[in-house]
Every structure is written in structure tokens, then in C-alpha cells.
């Protein structure tokens, strides 16, 4: 990897083409402090969309496939320093693997993979020299950092109770049968994996609790539901939690909680 | 029962003597609209406390026992129209029974009794002529009535999700071993029954949800804990709920939720 | 005045008959802690209303005039200990004067009188033996008491800035010409005095600030407006304040602030 | 000006070097949607700071003076499309003038100039071909746009009352005598102009009201204060407002409002 002193980091992205949701968020987040600039991408599995999307973002280099991108960027003197993986879940593993193997740092959207086996494989590919980061972005808020510090410093004593909620309502209706691409892949087991609601937003909630609590959730008792008829994955979950250290609590997440747009708002520990 | 036209209702109270908590709340609630006045009481099982407490409240008649009170008030031409039962839980059944059998209306604090058997017995004693009321007082708030109306009128569609919380922190420490009378009886199975936290405040939370939802909770999966060492009853609970009509949700209640004084604050339906 | 030990205080009220607003509030406030009971009243200048209103409140004694009431209650062995003055503003002075001169304590609604001259006259009639109280009730809240203590103890340093608002919207429309009795007298100079909005609610706001600040407002620059056409008194005011100790700020009060029901909510000192 | 199709806009900045406050905010704001990139700057009147600051931001071109920058950028084929003016107030006029005269669009921080005369001069230099924008940034919030629409559409009727507050506390102490560079120039009449508090934040508050109200403030009665001893400009203001259309209200702004970090929070119209 080339020397990064005196210049912005060079970033690439896989996914994020027109019609995508989270790619643009990654683009802004990567560039906001002026320390990185997005220069290359394989923005879509559809080559036409990939190219026009790259043009719309003024990217210097556009690729038709992530494999080609990993190979060619690794070979360039001015190749990207890191890649953002912003594809549907089904591709996270393969894309992350390709870039890690090419020696390019990876910033991957959650969830990392489909299974613990795949996740362990990626973890094994990562090292001090080739980093693998997972964007549980809510843990970046100063408020969350402060909460973790209070727990870590023993300011609230031994943790007994922990509650978290992440509620949305955008899947109240069967959008996946009404042409909404985001709803299509997120409710499709082939592309989203074994869960819609828990995998998409419950994972943020669980990470927040463990991050603040400073200990893993050890046991769960979960009640997952698909409230919308014919939906193939869960759109709601109510979960009892037991932490390793003895604390207990609940994790509630929903995509059918009418009136909530994106309420990752309730985290309480006592 | 005498004619109540042109006069205030005459109320009596059992319990509520010095050191009690909820008696004074009942006294205020009964009198606040000017339609009733508290005139008689058996305020404590300790006769000295009973008398001095009655004096402090300027009651016209003080009794040493609820049995005597039920008997004598029923016999008086100017006897009480209704009695408030504000004793520890263990006496609810016996006191309510005595007054109902004497033909005096009963307003009883929750929980009604120790068991479904006892509750059914009291329900059988009540009638259109001798009323039995249970003070799930939170259902009196206009906001709660409005919520129930919205559900009833179909304004929020079919109920899918319901959450409720009732959190306190006053039992974070073993107050029952530090001379706190309220903590003593509430954590004593002989006086409180089979539960402390769920019986004392979870019952309010459950009632609120069922009241608003307009349907009973059909199934629960509950994780009750006594976080304070050597406590004999639960001081915290996390409960998964399933309603008769298919809705799901959680009920969280706690007496060790640091920072919460009396937060019966979160009720959400969708 | 008779011995008050071992019994509730006996209260009387002038004003508060059917159609009145604040009388019922005084009745509840006087009785809520169980230390007083309302037994007598001259509830209306209309004798029929006075009598039926007294009956509806189960009062022992009803009078057709406050003068008769002051005279006769002062003469009874079981006469009232204190009187509540809950009439329109125009009668505050005369009623308070009559009872103070009869040796009966007075609890008067604000504003005390029409002019500083009248106010001084009443203050001169009051003494340690015959008390005169003015119900600036908002100063009773624990939050307000705590704020005053913080200022008094020097916890916020020297006061520099103070803001207060009291906003309502009930007079947005010309209710005084639509049969609303409350609006009629409050916008009538003959019955309300020289101000509607400032006299009715601005007075609460000003008292709150002075109570918390612990110092009088020394100078004002006020912009009073009657926004509703043909209204004879102000329904809105914006006022610059200067305190004796050098602090500055604003007092905003309005009866045409759409969306505000009774928002005496913003008090800030720095 | 060169064709901007198919590329990001090229931005320059005057001011914003190390130790500055608002320059970095402009940099982020200009680049956040990916439609512009900052390539040139005269970041400080101190050439050493100017150069090292430009290096820290990875700028392609750094200038020692804004005059040189305006001249040379105007002459380049790949010169900047627009310049951001983020200097202390005293330079706004001269810098904006220089770039407008060079045919480069200007985005200037508020306040535009020292006097109405200067402001008019700048306005005269601007045209459809060379744009001059003033960053009253709060008017960009969707909430504010919605409020303006409600007023414009007549949804709240004729405007009667308007309140706005902008409170900070960072100048509670004499920071200008404790080495704080931001405090130094903002309280210095030579660099800040005739006002500190009103010019710095009151201007935002006033703009918000006028923007939402859709009409200018016609008359004011202002009480400006320098609460910190020996401060040369105001650090607090309480202002009565009258709008052209008859509405009234208040504008409160403060830099000594203890507990408020940057509370441009209260805007109410009725």
C-alpha cells in the first residue's frame, strides 16, 4: 500500500448505484472530515447503472465487477487505500473476501456475513496490515461513547437492566410486492439472509447494548413475527435478553411500528 | 343504603394510617370533586395508630377493626356509602368480602386478591346493587381514554404491536432490611402475595395495555428477577406478550431501574 | 376567631357560582390536603344562581350578598375562618375590605385591586391577626421553589438575564361578543380594570420572575396590543424588563397565541 | 467562467485557517453533497498559517492574499467557480467585492457588511451572471421551510405574534482577555463592527423570523447590554418587534445565557 502522508485517503465503493440507499450515506461519511475522497467504484451489478452512477458521482474509475476492481486497484500505484462494501447482504462475504485478499482495507456494512462460519473466515483474513471494519455507526455518537465510559468506569455500578429499541414503520405495507427495491431484497431470504428486521436493524440495537454494557448478550428468548401477510422474513421482534454478567433486559425492533421513521432512540441501562 | 340525593357520598377507608402510602392518595382522590367526604375509618391494625390517624384526618368515626366497621356502618342510618380498601395486599380479599357482604360498595386497591379463586369469589359477591371497583387509576387519564377510543374506532387498524413500561428505582437497595415499612410488606410473600414488582406495578402496566387494546393478553413468557440479594420476591420483570387478537409486544417493569421514580410512561400501540 | 385545634378550618367563598371558572379551582385547592372544608358562600350576585350553586356544592350556608356574609359569619360561633375571593376583578377590593374589617382572613385572587391606592388600603387593613393572601399559585410548585433557592443561595451568581412567557389562545376570536361570560368580563374595563391579558396572566408571569429573582422589576417598556378588532383591552403584550439589581429580560404574555392552551412554561434565569 | 457540466464545482475559501471556527463548517457544507470540492484558499492573513492550513486541508493552491487569489483564479482555465468568505466581519466587504469584480461567485458569511452603504455596493456588483449568496444557514432546515410554507399558504391566517430566541453562553466570561481568538475579534469594534451579539447571532434570529413570516420587521425597540465588565460590544439583547403587516413579538439573543450552548431553538408564530 502506498504512502498516505500528505494526501487524502483514496476510497472505493462496491454497491451504492442509483436506486440504492446506504451507498450515498457511506460516501458522505467517508468524505465529511476531508481526510478521504471517493475515486473508484463498482456501483452496480448492472454495468449501465454502474457507469452512469459513477459518472453522477464524478468518480475517476468505474468497474463492471468488484472482482475486477479488487484486482486492478491493487495493481495501481494510485489504487484505493480502502473499499466500502455497500451491497445487499448476500454479497458482503464475497466482496469483503476479494478485497482483503488483494490487500485492500475493507469497511463493510452490517451484517458482516450470512453465518458464523463465513464471519470467522473474514476475521481470519483481516490483520493489523489489512483492516476489516464493520459500520455499527450508532456507536460513534458522543452520547453512546459517554454511556460506555460511565459503565466502564463503574459509575453506574454493576449492570442489572438494559433496554433497547429500534423501531421503523416503512414495511407496514407489502412494499416488496409494489416495486420497492429496498423492500424486495431485504425481505428476500436469498439476498438478505435468515432475517429481515433483526438482521437489518436489530443488529444495530444489539451492538449498541453490548458496546455500552461492555459485555456480550449470553442468552436470548426471541419472538419474531412476519406481520405482513406472505412476507418471507420477520418484520418485527420482541426479545428477552440475559447478559453474561447477569444483567437482563429486552430488545425490541420493528419495521411495522406505525409512526416511527427510524427510532433507534431508547437505550437504557441501570 | 340511604338516599344519596342532595348530599355528599359518605366514604370510609380501611388502611391508610400513619406510615402508609396509598391511603392518603385515595382520600384525596375520593374527595377532590366535592362529591364525597371521608367520615369513617379503620386506619390501622394497631388501635393506637388507628385512632390517632383518624383524628389527624378529622374523621367522625374510628374503628379498631374492619369487621366491626363493616357491621356498625351497615347498621347506621348515616353509615358510609362505600369503603376504600387501602391495606397491604394480604387483606384485600377479607376486607372487600366483609363490606360487600354488609351491602356496602367497595373501591379496592390492586391487586384484587391472592388468587383467581379469591377474585372470582369477590366478583360473585358484587352486583348491580353492591358495586366492586378496582383502582387501576392510570386508565382515568384523558390521554389513555383517547388512545382506547382510537383503537376501538379502528383508527389505527388491526393491532400488531404493543409496548408498555413501568419503571421505578426505590427498591434498588434492600430497604426492607432498613426499616422501610412499605418495602417490608411489599417484599414479604405473606403480605404481598406471589410477586412484588409485577403485582405492584406490572399489574398497572398490563391493565393499561389491555384497556387500550380492548383485548386480553393471551400468552406471556416472563423473566422475573430478584436483583437485590436475599430479596424474597421479584423486583424486576421482562415479559413477552401475545394478545388474543394476534398482536405482540413487551411489558417491562422494574423497581431497580436507577433514575426512574415512577415512570409509567411508555405505552405504544401500532 | 374560634379555636382551630382538632378540627378542619372552615372556609367561605365569594364568587364561583355556575358559569364561573376559578371558583371551583379554589374549592379544590382549599380542600385537597384535608385541612379545610368549604361551608359557606355568596356564590353569585344573582340570588337564584347563588343558592343553586351553593346547593350543588353542598354548602351549609348560602348568602345573597358578600356584605351579609361577612357580617353574619363574623357573628357566628362556628363562622368561617377565612374567605376566598373569586369574583371578577372589579369586586376584589370591596369584598376583601369587608371581610378584613370583619376580622376574617382573606385569600384573594389576583389582581388584588384596581389601583395602588386600593392595594395599599387593603395592605393597611391586614395584620398578623387578620391575614391577607394573594394567590399567585404558580409560585407553589416545587420547581419554582427550588429555582428561587438556587438564586438565593448564589448558585447561579449575579442575575443577568431573565425570561418568562405565559401564552394562551382562548381569546383569538371575539368570544366576548359570542356569549362567553369569562371573555365578557375580562375584556370589559368596568369589570376587569385597565388590562385584560397583562392583568389576567401577565401578573402571574411577573410574579414568578420576581419571586425567583428575589428582586423587583424596576423598569418596563411594554408593547400592549388588542389584536381582535373592537376589543377594548389588550389581548397580547411584549415587555422589556430591567430589574433593580441590573438584570434584564423579557415578559411575553398572550391570549391570542394560537396553539397554546395555558403555557406558563418558560421561565429562565441566567 | 468555464463549463461546469460533468465535473464537481471548484470552490475556494478566504479565511478558515487554523484557529478559525466557521471555515471548517463551510468546507463541510460545500462538499457534503459531492457537487463541489475545495481546491484553493487564502486561509489566513498570516502567510505561514495560510500555507500550513491549506496543506492540512490538502488544497491544490494556497495564496497569501485574497487579492492575489481573486486575480489569479480568475485568470486560470481551471480556476474556482465560487469563493467562500469566512473571514472576520471586517473583511467581508473587501473580499466579496474583489471576487465579484473578478467575475467569481461569492458565498459570504453573515453579516454581509458594516453598513447599508457597503451592502448596497455589493448588491450592485452582483447579477444573474455573478451570484452573491449570504449564508443564513438556519433557513435551510426542512422544518423552517415547512413553517414558511404554512404562513405563505395562509394556513395560520394573518400573522399576529412572532417570537424568536438565539441563546449562547460562551461569552459569560471575558474570554477576549484570556487569549480566545474568536472572542477577541467578535468583541472588537474594529473587526466585528457595531455589534457582537446581535451581529453574530441576532442576525440569524431576525432572518429566520422574516423568512418564515414572509415580511420584514419594520420597527424595533432594542435593549442591548454588555454584561461582562469592560466588554466593548453587546453580549445580550432583548428586542421588541413590529412587522410591516402588523404582527408583533420579541427577539431575544444572548451570549451570556448560562446553560445554552447554541440554542437557536425557539421560533413561534401565531
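Letters are used for the chains, namely A, B, C and D, taken in the order the chains are written, and counting of residues starts over at 1 for each.
Following the convention adopted for this analysis, a residue touches a chain if its C-beta (ideal position, glycine included) is under 8 Å from a C-beta of that chain, and two chains touch if they have at least 3 such contacts.
The structure displayed is predicted, hence computed values, not measured ones.
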item	value
Maximum centroid distance from chain C, chain identifier (CA atoms)	A
Centre-of-Cα separation between chain D and chain C, whole angstrom	47
Averaged-CA centre spacing for the pair chain C and chain A, given as whole angstrom	60
Numbers and ranges of chain D residues touching at least 2 other chains	none
Which chain pairs touch, all of them	A-B, A-D, B-C, C-D
Complex contact set, residues of chain C against chain D	156-157, 160-161, 163, 165, 169, 221, 223, 225, 227, 236, 238, 240-242, 248-250, 252, 254, 256-260, 268, 270
Chain C to chain B touching residues, read off their complex	6-8, 27-28, 31-34, 37-38, 55, 57-58
